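Each chain gets a letter, A, B, C and D, in the order it is written, and its residues are counted from 1.
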Amino acid sequence: MDDTQTTVAELIRLVDDFVAERQWEPFHDPKNLSMAMAIEAGELMEHFQWLRSDELGLVKEDERKMAQIREELADIAAYLLSFASTMGIDVSSALKHKMKKNALKYPADKFRGRFQ
Amino acid sequence: MDDTQTTVAELIRLVDDFVAERQWEPFHDPKNLSMAMAIEAGELMEHFQWLRSDELGLVKEDERKMAQIREELADIAAYLLSFASTMGIDVSSALKHKMKKNALKYPADKFRGRFQ
Amino acid sequence: MDDTQTTVAELIRLVDDFVAERQWEPFHDPKNLSMAMAIEAGELMEHFQWLRSDELGLVKEDERKMAQIREELADIAAYLLSFASTMGIDVSSALKHKMKKNALKYPADKFRGRFQ
Amino acid sequence: MDDTQTTVAELIRLVDDFVAERQWEPFHDPKNLSMAMAIEAGELMEHFQWLRSDELGLVKEDERKMAQIREELADIAAYLLSFASTMGIDVSSALKHKMKKNALKYPADKFRGRFQ
């Protein structure tokens, strides 16, 4: 069951069940979960921290590194989904809403290939 | 189309299209995207930074704050999905794999209500 | 030589010499160093991540934890000082300048005991 | 009074006085201050986020950007010093201790120009 066949709600249930089975809900408050995302993003950054822009392509060919990177990304995703669940946020709606706002802020014809 | 009806792949396409329309792929390398997640996680933390654990419940009732929080979470999600796309990572598989590993590391009966 | 007898410049020299002896200057660009600070701040947060506000006092009495915390704080300081050196920033002047600006933004009589 | 003439203790006093005048000590617990450092490090990263390694040199010549960068660095320094004060950590001793440990981990002759 890969990304083409898995809904966001199914992933949220996976994380929620894990938390519920351990009765970890008291720890999963929004402050702690936002910290958890930042901490895991930090661990993900570690894999690229000292690489120059032109060296980044090599990472993808290093399967040992990629396995670690997948795990770090999964950690961020898990906390993100737990945060959404705790706060009653629908991730898909929030993302669609934000991307529409971004599209107004950055019209494609004006920002092609640049940010400013 | 909420989380129960949206696949991860649909959200990735949403983000990928946005990036492609602006030809922003050169900026979306894994180093920059990992930084972006950490930066946005920092912005999300700002909403809880000075609140005591016992004050966190109030945030949910503040609709203005919740609108901002949904946007910050969407930002993290957007960069996470773009990262996954750039690196060829299937988020659902990575999350399922990691949750299984976590379940072995934290057996439910031993870690009920505690981490250590 | 403790904080009462050590100038900021002496600490910067300590870090600069360490970097120079290893010819690590090419890695110590401002992008990488800002990432390094965020990563180390993430590692520092890990020590407090799951603690409620009312449990934080105990950390100080745990000497093993305090030793780790001192090291994490030293890591942030090292990268902060290396960043300042690389970018030609005088930390003392920058801090004094910012604290004056903060004092205007948060007049003491208006913000006593609160942020907003 | 620049870095060559300012002790770390003097900077800590500056920050401590600012906090005490506003009675902000209850907010300045180690969890919140570690978050604050991560948040400010995130804001510092924003200035370099989308730049390639070979574009970083230009930042130093942009005085408007440099003024913002100095302020972000000052913010990290302020929270770092407040953290040290709250936790009773001597920054200079902690840094010297950590740099000695780093020197053993990364002998100069073995790690010249590389990390691994």
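Simple rule for what comes next: a contact is a pair of C-beta atoms (placed from the backbone, for glycine too) under 8 Å apart; a residue touches a chain by one contact, two chains touch by 3 or more.
A quick note: this is a predicted structure, and the numbers were derived from the prediction, not measured.
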item	value
Chains touching both subunit B and subunit C	A, D
Centroid distance [mean C-alpha coordinates] between subunit C and subunit A, Å	27
Between subunit C and subunit D, centroid-to-centroid distance (C-alpha), Å	3
Of all residues in subunit C, the ones touching two or more other chains	27, 35, 38, 41-42, 45, 49-50, 53, 115
Contact graph of the chains (line, ring, star, complete, other)	complete
Touching residues (chain side subunit A, partner subunit C) in the complex	27, 32, 35-36, 38-39, 41-43, 45-46, 49-50
Interface residues, subunit C side, partner subunit D - complex	1-12, 14-15, 18, 21-24, 26-27, 29-31, 34-35, 37-38, 41-42, 44-45, 47-49, 51, 53, 56, 59-60, 66, 69-71, 73-78, 80, 83-84, 87-99, 101-103, 106, 108, 111-113, 115
Contact set on subunit C toward subunit B in their complex	35, 38, 42, 50, 52-54, 115
